[in-house]
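Both of the next two complexes hold subunit A, though its partner changes from subunit B to subunit C.
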Partner chain A sequence: MSDYDAIVVGAGNAGSAAAITMASKGLSVLLVDRSDPPGTKNLSGGVLWGNDLAKILPKWQSEAPLERFIQDKKIGFLTEKSSIIIDFKTKIFEENKVGHTVLRSKFDPWLAKKAREAGATVIPGITVESLVKKDGKIIGVEESGDVVTSNVVVLAEGINPRLAIEAGLRPPLQDWEVSVGVKEIIKLSPQKIEDRFNLSSTSGLASEYIMGNLGELNAGAFFYTNKDSISLGIVAPMERLRENGVTHTYDIIEQFKEHPSIAPLIDGGTVAEYGAHMIPEGGLEMVPQLFGDGYMIVGDSAGFGFSNGLVLQGMNYAFLSGILAGEAAVEAKSRNDFSSSSLSTYKRKLDNSYVLKDLRTFKDIRKVTNNKSMYTTYPKMLESILLEMLWERGQPKKKVREILGSCAADLNVGKLKTATDFYYMYRRM
Partner chain B sequence: MLKIAVMIKQVPDSQDISIDPVTKTLNRSMARNVVNPPDVNATEAAIQLKDRYGGEITVITMGPPMADTALLQLMGMGADNGVLVTDRVFAGADTWPTGFTLASVADFLGGFDVIFCGEETTDSSTGHVGPGIAEFLDYEQATYVHKVEYENGFLIVVRDIEGAEETIKIGTPAVLTITLNANEPRNPTLKRKIDAYKKGIRLVTNKELQLDPACIGLKGSPTIVKDMKTVPDPIKNPSKPTIEELDKVVSVLIEKGVVK
Partner chain C sequence: MILDIKERLGKTKYDIDKSYAHITVDDRICEKCPHHFCVMACPAQCYTMQDGKLNFQYEDCVECGTCSIACDQGSVKWNFPKAGKGVIYKYG
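Moving on, here comes the complex of A and B:
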């Protein structure tokens, strides 16, 4: 007899969601996390889309420690001296309130507490050392020489799944599979935030930028408002960072903070927290075998996430994959069969959900986000076009077609290259 | 079999505390709570004593309900029981009612052979509470202890006395306050934490203790904090080291084999 029906390694979004799903259906669940309180060292930019969370915690909007609901969403390009931004403000966001900024150091302990309330045994402050295998089947976990057993282990270790890798359940991470995110939390009074960004006491702003001023790093940036702080940061592919010899991600976040259109927004703020974390960007190609005899892999560990330079999502994929793995475990328990074939329902559920559908739909997105022109040429091109159109310099005006032509010539890009880039962007995004 | 208690307090992690430049008060809002560091050494000392001479260890804290995680952590190291003394009427206590309440709890639990405390806390650092408990209970006491042996009802302890050590023999029951870094505390283990979780924490309120409201909490606190000032950093502009001084540092590092 196993000690538990399920052991969940990691109380991030995915792990806690799985634990809640299983414990609320009566399974005996052990949820272990290395930090105490659980998840306090976790890091996200911080926009949480809560449709999936609502499935297990219908009252999340009133109970969870949320910062501000997203009312204003901006996307744009930064060049050395300019910013070109689309500002999307809609009543629809206000009416639905599903997008919220969160601080993980508050949100994750709350979610783990919900797992405890659902009946899971939640043990923080313990790092699981390894998985225990018997006859090719995962039968539990090991720590300090002690073995704790379960029918199924749900691996929710986050982006660098050491246990899964060491047990041979997935290959080690490759550079191309990840981006590096660097983040700061900057304290700013609610009054200043609300005045500066034209917000109410509960509404918030989420901006994402393509960083045209960081050359071939292919970096994006984010800027989110919390109650009394700003979360901001930079995300860049590991490959690009290495190729360009960037070892101090600190420098690139400074370049974002010092940008002429960003600096005034954080003026008077003080840095309260600083952190760096990897993000899955490998898409479908990095997704490992997701289940086997006695185990399932969820969340970042499975490579679930979506980013296209303007949107960065992982928490919702983590919730949903955790919930689906939880459901698969509940069904496996009813059959009293935790073999690979029994747990394959997890994969089937994923296939039918947006988790794997999105990864399939956007399987070529890296060709767009990896395209250096997206970051080096096009932001500058946009800037030139807008300067030509909007800056009166006492010179004869040109037609758009002429402007485009001369910009392309200035920036040394062929019309064909531009045309194909935009064609593929149109096909792949 | 020794009956052992460890008194522990949750404090804000000193790494996360900053001083608000405007109000000059401690900003604890971003701080995680941790077990007061010397209290972890006290727990380790208690476990070592139990390992050698046998016994049962109860960790006790007076604090808010969420302090139970601190007790689970120390039970994960090897303490047997956890007691959380929590009640609104205990809130706002200074060192006098804290010592009084904890002494009363020890009495309520049938008394102990040895009560371990930390030398002082990182958030208030008075060092009053341990000796206070000893006085209220009329136990023997030894402060700033880093080594403990037990022999026929007596404790042989080594005390730090600023630059020297003092070895003394005291009777039991006794209160010992343990210094920071007196030992290397073991890590909690998963198995022990699971056992602790299953066993649960015993809650004690003033319903059970029946202490006089005038002697506990804010009401029972004779101290009034009137003002708090931040002392400027004494070495704001340290003079730059000379080349000769740097050479000296480097030669010492080479000598010790730290650099080649």
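Moving on, here comes the complex of A and C:
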């Protein structure tokens, strides 16, 4: 007889969503997290899309500690001296209010509280040291010699899944599977934020950039408004960082802050917190075996994230994978069978959801995000085209075709290479 | 606005476990390391070169796990800090 039906390791979005799903269906659930309050070691860029959260907490929009709903979404390229931005501002976002900026140290303790209200036992400040195995089956967790058992363990450890690696449930992570994210919180008054970004007291801005000013680091950056602060940071693939070998990750974020189009946006602000977190970027290829006898893997630990250079999402995949693992556990309980074959319903549910559908659809996206030209040549090319078209210099004007030809010559790129790159972007994005 | 990394780390809250280092490195391996990529990769400047020798301190670690991948020589041993210790984000 196990102590619990389920033990969830990790009170992030995936873990708490799994705990809520299981506890609200009457399963006995233990949710442990190594931080206290639960979730205060968690860190995200900060935009939460809540469609899946609504399935377990329909009133999340009024109850959760959210910062600002996303009304204005920008994506763009930075070069050394320029920024080229698409500014998408829509009433549709305002009418739906599904995307919000969040601060995880406020949001995650709230979500863990919801798990407690659903009936789960939540114990923060517990560092699980190992998984307990018996006859090849995961039967519980161990901390300081104390063993607590369960029918199923849901592993929601995040992107640094020490327990899963140690238990041989997934291989150690490799360079190509992750990017390093570095983030700062910049305090700025609500008044300044609303005036500076043309926002109301509840609306917000989320911008993502390709950093064309950092050469072949293939780095991206993000800039999000909270109620009285800015979340900003950079994301750099481990492979490119290693190849580069001379750039400190903690300097890249300062280069972003110093960019001529970013510096004025944070003028007068003060740094309130510095943090870092890895991001799963390996796509379908990094997804481990997701279930086995007595366990399931959810969220970042499972490699569930989406990135195409300009769009970065993970919290939505965390919620949904947590919910689906929770549902699979509820069904396993009804069969009183927590074997691998019984828990395989988790994988089937994922297969039918956007989590694995997205990863399959974009299985070749790394060939785009790994393409150095995306971060070097093309931002410069765009800049050159716009300079030719928009800057009156008392010179004869050129047709676009000529501009493209001379830019390509200046940047030393062949037509064939460019055509091939765009063809593959078109095919894979 | 541009701050030194130490000054930025000073803004972040920790409950440092003085009796337990959750990351350890093997000096003998680091001595022979051809790249010391950890020095570049670690966002918290826990790895620095001093007089040609790698110096490691865990106190500023924000527990991102980057060094566990950056080190391909088998020197870095990475464990979670003990209960509740380590970084405590106020914002996250």
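Simple rule for what comes next: the second predicted complex is superposed on the first by the 427 of 429 C-alpha atoms of A that agree within 3 Å, B and C clash if a C-alpha of one lies under 4 Å from a C-alpha of the other, contacts with A are read in each partner's own complex, and residues count from 1 in each chain.
Everything below uses one rule, namely that a contact is a pair of C-beta atoms (placed from the backbone, for glycine too) under 8 Å apart; a residue touches a chain by one contact, two chains touch by 3 or more.
The model shown is predicted, which means the values in this text are computed figures rather than measured ones.
Of the two partner chains placed by the overlay, only subunit B lies in contact with A:Leu30; subunit C stays clear of it.
Legend: residue contacts after superposition of the two complexes on their common chain; A:Ala272 is shown touching both subunit B and subunit C. Contact with subunit C, but none with subunit B, is seen for A:Leu173 once the two complexes are overlaid on the shared chain. Shared-chain residue A:Pro288: touches no atom of subunit B or subunit C. In the superposition on chain A, contact is made by A:Val148 with subunit B only, not with subunit C.
In the superposition on chain A, A:Met238 makes contact with subunit C only, not with subunit B.
When the two structures are aligned on the shared chain, A:Thr249 is found in touch with subunit C, with no touch to subunit B. In the superposition on chain A, A:Thr121 makes contact with subunit B only, while subunit C stays out of contact range.
With both complexes placed on chain A, subunit A has more residues touched by C than by the other of subunit B and subunit C. Residues 36, 40, 105, 124-126, 143, 272-273 of subunit A lie at the contact with subunit B in one complex and at the contact with subunit C in the other.
By the touch criterion stated above, subunit A contacts subunit C in their complex at residues 34-36, 39-44, 103-108, 124-127, 129, 143, 159-160, 162, 172-175, 178, 180-182, 184-185, 229, 231, 238, 241-242, 244-251, 254, 257-258, 263, 266-267, 269, 271-278. Interface residues of subunit C, counted against subunit A in their complex, comprise 1-3, 5, 7-9, 11-13, 35, 37, 39-45, 62-66, 68-70, 78-84, 86-92. Interface residues of subunit B facing subunit A in the complex, by the touch rule stated above, are 18, 30, 32, 69, 73, 76, 187-191, 193-194, 197-198.
Of all residues in subunit A, only 30, 32, 36-37, 40, 105, 121, 123-126, 128, 141, 143-144, 146, 148, 272-273 touch subunit B in the complex they form.
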